[in-house]
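Once you scroll down, you'll see the structures, which are given as structure tokens.
What follows is chain A paired twice: with chain B in the first complex and chain C in the second.
Now for the complex of A and B:
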């Protein structure tokens, strides 16, 4: 692209293209090995991109998508406060009682609850709070928790696919391409409903139809008083108020001329204010400090470093070259390109973190605009990337952070989920979800 | 004043195959909340205590800790006397080795450890229901427990010794 502008600034007159490629590959390789914390690797990679002269600091800062970061941090703050009031536990118990604590009914309800919470909040928090209640209920019912946890892993990733705020890849794609909350609601949400339904049917035939629990144990669950799970009624009202306001803001963001980061940060600040209003100065400082401590800074700084590393290879023209290569392979056919992106994203996301993958794919797909006749022609590719990257997370235990959290809980409660045993069922099921997604993409956009 | 001078010497130890029920009877008889479990050679294996027993009566889900989050409140659960009786009966028949507190959450010191370090260990210990164990031969897998010091020993043998004359005067 404009490598000739910067070649002089790279130290020792090294070729900037090769410097950027080596930095990119080494960073990604170390991230995949998980020997070093991913935020450290990404920040080091980003710092080296600047220090070695591939990009200037100014360019690096412009490459960081603060819209994605603001949206992530804002939602993390809202979730950190909301989860203290016990609403997750309340809804989980309430939903289990609605189906008379029937084992299969409970599985469906908890999966739906997980999917809805994952769509509106983050997947990790959702499973962090729903999985323990699940383990409690299955222990009371005296049935094995594995099918429940399995279903919840799938539900959290499928739910996350549904909305702009459900999963970080969607936030990145939405922010980079200018796709709104409603765009995701209209395009990815409908197919996730179908996919969740299909997965539930398959789980029914694998495990559901054999599930049985004694009448007494079901009666014990029915005696649970879900109202008591709410630990702070005032906080519950404040959280629900702010969350509704934020969702309202997302839906009307276009009319309000507001970007998602502004809405999420506004909501975060408002909820911080409401939940701290009654406390004195000292307690407020302590609370705010504590809440900020619960923001996943590792993820945030990982993003920061990653944006710079990816910008390095974008800036030196590597991604243009790769995009050209992909278009050669698919012979410039939009359908083949879209389906290829869907499948490659899904397989890649099952094996490695989907965030670095999506961060690299976004500028690459953007540079295909000229070939396909303008940016608006790229829409099928964006939906393919979003569906592939999010749903692919179901393919293995390491496919998404939420999967690892559930596996950790299962192990500590004495029901270890083995990597291969999970893979044996989850990977084929993930492939089925991608087949459904392929049909949808082809039928709706191609 | 060293650890040796205020420790309660454990005339009482449990062997790993003792049943929980027997341990409970022993603990009730001697008014003691924790007992060391030793192997055939007398080497320390872990501590059997009331808190660990209480944990075993709770649902598994309460033990999952993730940065202090997850399930912290069980107010929504209703009483289940029959279930509790069943659980207790089941627990009573288990050997004590199934319910021991692991070494990593315990504090150890030597018989000649000075008093302030002993107090410090009691204070720093993450779980205040646990005693500090006084051991000889402080190597992994071959610890021999010679005594224990709990907060009660500090109250009985140190604090009350100081105040006893005053208390006596007050009464008379």
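Now for the complex of A and C:
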């Protein structure tokens, strides 16, 4: 590797390549151990990349993908306001009642609702809203909640795979490559439907066919008044209006010449305005402060630091070297490379946070363009990365934040989900989803 | 006016005490909580009725979705058996950390301000590290009602 072309002025004349590699590896190792908050580690890693001279401050700022950050923050604000009106709990209870509180029907309905919400909102928010409803329903049905929570974890990660806004890796890939909401809808959504169907069948054979509930317990669910879940009808209308407008904007973003971040931020600002219009200035400030407080700043600053850390190793040529190594391994075969990315992404995402993994893979895959005959030839690799990184989260309890949220809810209600018990069923099921995805990638793109 | 005259003397809880004994200790003097003390008489935590009720029979999801619940609930079955089980439990699992306390010389307004900040309706009184009793919003209200407000009322009228 030649690092002489790099215009870095690293402290003590150290080799910028090695400095960047050490900073990258140490940052990622500490992130994986989860001993220190991931935002602190990423920010510190990013700051050291600049302080030690691997990249300049200007280069670091340019490396931060504000389109991803804008999209994330915009959607977080919209979700923070929308969830207050209780619409998600309403839909969950309503769907359970539509199947007459039949245990298997409830599982399917809650899974479908989780998948749909996860495709449109972030997975963590979705499970935060659905898990309490699930625990209440299973308590009243006198059924163990584990199969339901298990199915919802899978549904949330599968649903998140379907759209640009469903999961942060998709936002990062979409922003970096210029893939639109519709591109994801056309390319990842169809296969997620198939995968969700397959998972539901498997869950039926594992747990579903044994599920039984008494007539009295089903009657208790039917007595639930889902209308009472709606706490603010005006806010409900405002939220649904803005959410529809934003989805419309995503679908027609190409014709509107708008980036997803602009659409999400516009929606967030509009919903903030609508939901605060009737209040005096003091109450408005309080509400806005409260809403901004619900934005996951840890994730946002994690992204900021990560973009700089990854740019550090990209700038020093490490990722080009790694890309070359991967191409050597796969002998420059697009099919093998795509499937390798799919499987490696899935296994890695089951074990570690998929965000840093995807952040590293994006520049690496970009640098393969010349080998495969241009950027447009890389599409199968991008879909492989998206499917692998998102679906891989199902492989273990630590594979995705949503999994841990569900586990936390289960534990607090006295139904602990053990890591190994989950792994024993989830990992093989995740492998099945990746096998289905492999067939899809091969059949459609290779 | 300081809190000393409004102070209610209570028993203290110790580790290993049963929930039933704790409930009786609170009911005797109509207080919502009592402190947990060690053998040296130092406060090591607190027990409150609300906390025990929440921890033993009100899961978070039920609280969050309380508005949608119907008239029939599974938890209403075998209430006696469940209650006797809770009453026979030791209090150890329900002990909360030592809360903010005040001294018996503190003014009533200070006590109310601390209660408001901590979103509680009672406050333990501790002098020189030794637990003295508890002051409650109810005790303060009772004291206000005993005041001779007739002159003020006549002026207002």
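Following the convention adopted for this analysis, the second predicted complex is superposed on the first by the 439 of 446 C-alpha atoms of A that agree within 3 Å, B and C clash if a C-alpha of one lies under 4 Å from a C-alpha of the other, contacts with A are read in each partner's own complex, and residues count from 1 in each chain.
Methods note: a residue touches a chain if its C-beta (ideal position, glycine included) is under 8 Å from a C-beta of that chain, and two chains touch if they have at least 3 such contacts.
Just so we're clear, the structure is a prediction, and the values are computed from it rather than from any experiment.
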item: Fit or clash - chain C, chain B, common chain A; value: clash
item: Contacts of A:224 with chain B and chain C, given as first, second, both or neither; value: both
item: Which of chain B and chain C A:142 touches, first, second, both or neither; value: second
item: Touched partner set for A:132, first chain B, second chain C, both or neither; value: both
item: Chain B versus chain C as contact partner of A:405, first or second or both or neither; value: first
item: Touched partner set for A:83, first chain B, second chain C, both or neither; value: first
item: Contacts of A:302 with chain B and chain C, given as first, second, both or neither; value: neither
item: Which of chain B and chain C A:150 touches, first, second, both or neither; value: neither
item: Common ground on chain A, meaning residues reached by chain C in one complex and by chain B in the other; value: 89, 93, 131-133, 135-136, 139-140, 220, 223-226, 228-229, 231, 409, 412-414
item: Chain B contact footprint on chain A (complex, rising order); value: 83, 86, 89, 93, 128-129, 131-136, 139-140, 220, 223-229, 231, 294, 405, 408-409, 412-414
item: Chain C-touching residues of chain A, taken from the complex the two chains share; value: 89, 93, 131-133, 135-136, 139-140, 142, 216-217, 219-220, 222-226, 228-229, 231, 409, 412-414
item: Touch list for chain B against partner chain A, complex; value: 59-64, 66-67, 69-71, 73, 75-78, 80, 83
item: Residues of chain C that touch chain A when the two form their complex; value: 59-62, 64-65, 67-75
